[in-house]
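Before anything else, here is the set of structures, which you'll find just below.
Shared between the two complexes below is chain A, which pairs with chain B and chain C, respectively.
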Partner chain A sequence: MKAACVWLVAGALAGCGGRAARWVEEAADAHAQADLLVRRGERQQASRVLEELVSRPVPAQVAAQDRRAVLQDAYARLAGLALEERRPSQALRYADAGLGLGETRDVFASSLRTLRGRAHEALGQDAEAARDYEAAQIVAEALLQEALSGGGAR
Partner chain B sequence: MTSEERPPTEAEAREADLLAHALEDPARPGRDVAAVDDALGTAWLLRASKSAELSELRARAVLKRAWPGRPRWLNPTPAAMAALGAAAAVAAILSLLPRGPAKLPPPPVPLLRAQVAAARPGAQRALAPLEAEMDAHRERLYGALARAYGTRR
Partner chain C sequence: MSPRLLSAALLATAACASAVPRSPAPATASDAERATALGHEQRAGELERVLSALSVEEKPPDCPRVCELVDQICDLSQRICLISGRHAEDADLGARCAAAELRCRRSRDRIPPSCSCQPH
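Showing the complex of A and B:
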């Protein structure tokens, strides 16, 4: 009986630790599925898969930086798909949601700025588009400078 | 008057008396209990079923006899159980805390060049190379996350 309790506790602990790993796996699976759907030309279906990914609760064990990277990447992909579907307002919403997770000097924020600029441009909001392009350029150029000089930029 | 309400007959009273004595003092020699044999058997069965539960000491003794080579760790002391419980609680708390961030791959130069090219007005065609570079970077990103979080891939 006691041994059974010990095994039960050990099993429960293994389950807790595996939640973050499962979330990462599910996110990777969602992208793989979206890739397949895009190749088949089913962009809306691909968007639904990615929407499901971003609306899923993130386990507390996932580090904030990793959570942001995964979600911002998914939002950027959603914004890109919406632009291809000629739905700039929707693209703007996705880009805003992604940037709302926090903006640091990395490729994910830079991509979202670029896509938001593209959405603003499609909506005729040139001033806003210019601001976003400029912000994206600053980040991308700084990262490029670091990469070219051998620095470990993200 | 029913048979249950009638006072016991002399023979019944004698049998009851004999049964009571046989139960109180079963070892007395020379007593003839043939008349209450059935009742005595039933009474012993009831008594045995009541005392069938094993006390902690009896359980250990039975287990020791049945499994003499049983390892000691399978029979932990209360202190060992408490230590194990505390360790499990600490592990549970630690497993629920956020981890340190994964070491994400640095963005490669072609991806950054594609970002610089795409982040300007009217560069509609520059989005496709950026997407292709981001797809490749995503592979590396999930590879790093898989290593950090111990996924099955």
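Showing the complex of A and C:
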């Protein structure tokens, strides 16, 4: 999802030029850099690159839904990396930060809910984990409906 | 005639219908001529509507996407039911597990025959 999402937004902004497009390009670069670091086994360094991305100011020209998509994508990746590093509390914070940007019926919400469920489960908070998994499943079911009816928004 | 050919034929007909210059009817046009012109316009509109419907029906399902989502739904069902299994006394978790399994089954049942999703 990560790079595909960023490039999708980049494509949409390509014609706009300016700071908004530059911010999305920087996000794509950050993901590419994180990919490389993960391949080298340097997960913590990859997390730092993505943390820098989410803490960077977002230009006002970036549309709200693009801002949310890019940042939630990065938070989901950060949460995934934290889980791989066996740092569930940190993963929970990232997932919460991502979901705090707004939750709509899309892949970002489903992904972040799943990751938050995994973090809760790793922390022994089973009831919370089940609720997050259920919420993620309901979103995924709605996305399946869209895919079957020819929509298929990712 | 295949739906694709039918679409092409309808498109050509609709295009022809809309390409006919719509010069104002001469003052001397008879009621019959006006009725014929109106009929052509209505037919062009109907053909456009048929074409739109056909183009929606024709769109094949995005099988990789469908399979990926069904996998996700069923994976989440397994996760919920594993948790429920650890708390057999918890009726709320039991109900969530049952509902999650139902969503998984329902999703699998909805896979179009043209998609061959591999079970995981």
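What we mean here is this: the second predicted complex is superposed on the first by the 135 of 154 C-alpha atoms of A that agree within 3 Å, B and C clash if a C-alpha of one lies under 4 Å from a C-alpha of the other, contacts with A are read in each partner's own complex, and residues count from 1 in each chain.
We adopt the following convention: a contact is a pair of C-beta atoms (placed from the backbone, for glycine too) under 8 Å apart; a residue touches a chain by one contact, two chains touch by 3 or more.
Values in this document were obtained by computation on a predicted structure and should not be read as measured data.
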Given the alignment on chain A, is it a clash or a fit between chain B and chain C?
clash
Would you sort A:72 into first (chain B), second (chain C), both or neither based on which partner it touches?
neither
Which touches a greater number of chain A residues, chain B or chain C?
B
First (chain B), second (chain C), both or neither: which does A:126 touch?
both
In the superposed arrangement, does A:117 touch chain B (first), chain C (second), both or neither?
both
Based on the superposed arrangement, let me know which partner A:47 touches: chain B (first), chain C (second), both, or neither?
neither
Just chain B (first), just chain C (second), both, or neither: which does A:150 touch?
second
Using the superposition on A, tell me which residues of chain A are in contact with chain B and, in the other complex, with chain C.
110, 114, 117, 121, 126, 129-130, 133, 136-137, 140-141, 143-144, 147-148, 152, 154
In the complex, chain A touches chain C at residues 110, 114, 117, 121, 126-127, 129-131, 133-134, 136-138, 140-141, 143-144, 147-148, 150, 152, 154
Chain A residues touching chain B - in the complex, by the definition given at the top
2-3, 6, 9-10, 12-13, 16-17, 20-22, 24-25, 27-28, 31, 35, 60-66, 69-70, 73, 76-77, 80, 83, 106-107, 110-111, 113-114, 117-118, 121, 126, 129-130, 132-133, 136-137, 140-141, 143-144, 147-148, 151-154
Please name which positions on chain B make contact with chain A in the complex.
74, 76, 81, 84-85, 88, 91-92, 95-102, 104, 106-109, 111-113, 115-116, 118-122, 124, 127, 130-131, 134-135, 137-138, 141-142, 145-146, 148-153
Chain A partner contacts - residues on chain C that touch it in the complex:
56, 59, 61-62, 65-66, 69-70, 72-73, 76-77, 79-80, 83-84, 86-87, 90, 92-93, 96, 99-100, 103, 106-107, 110, 112
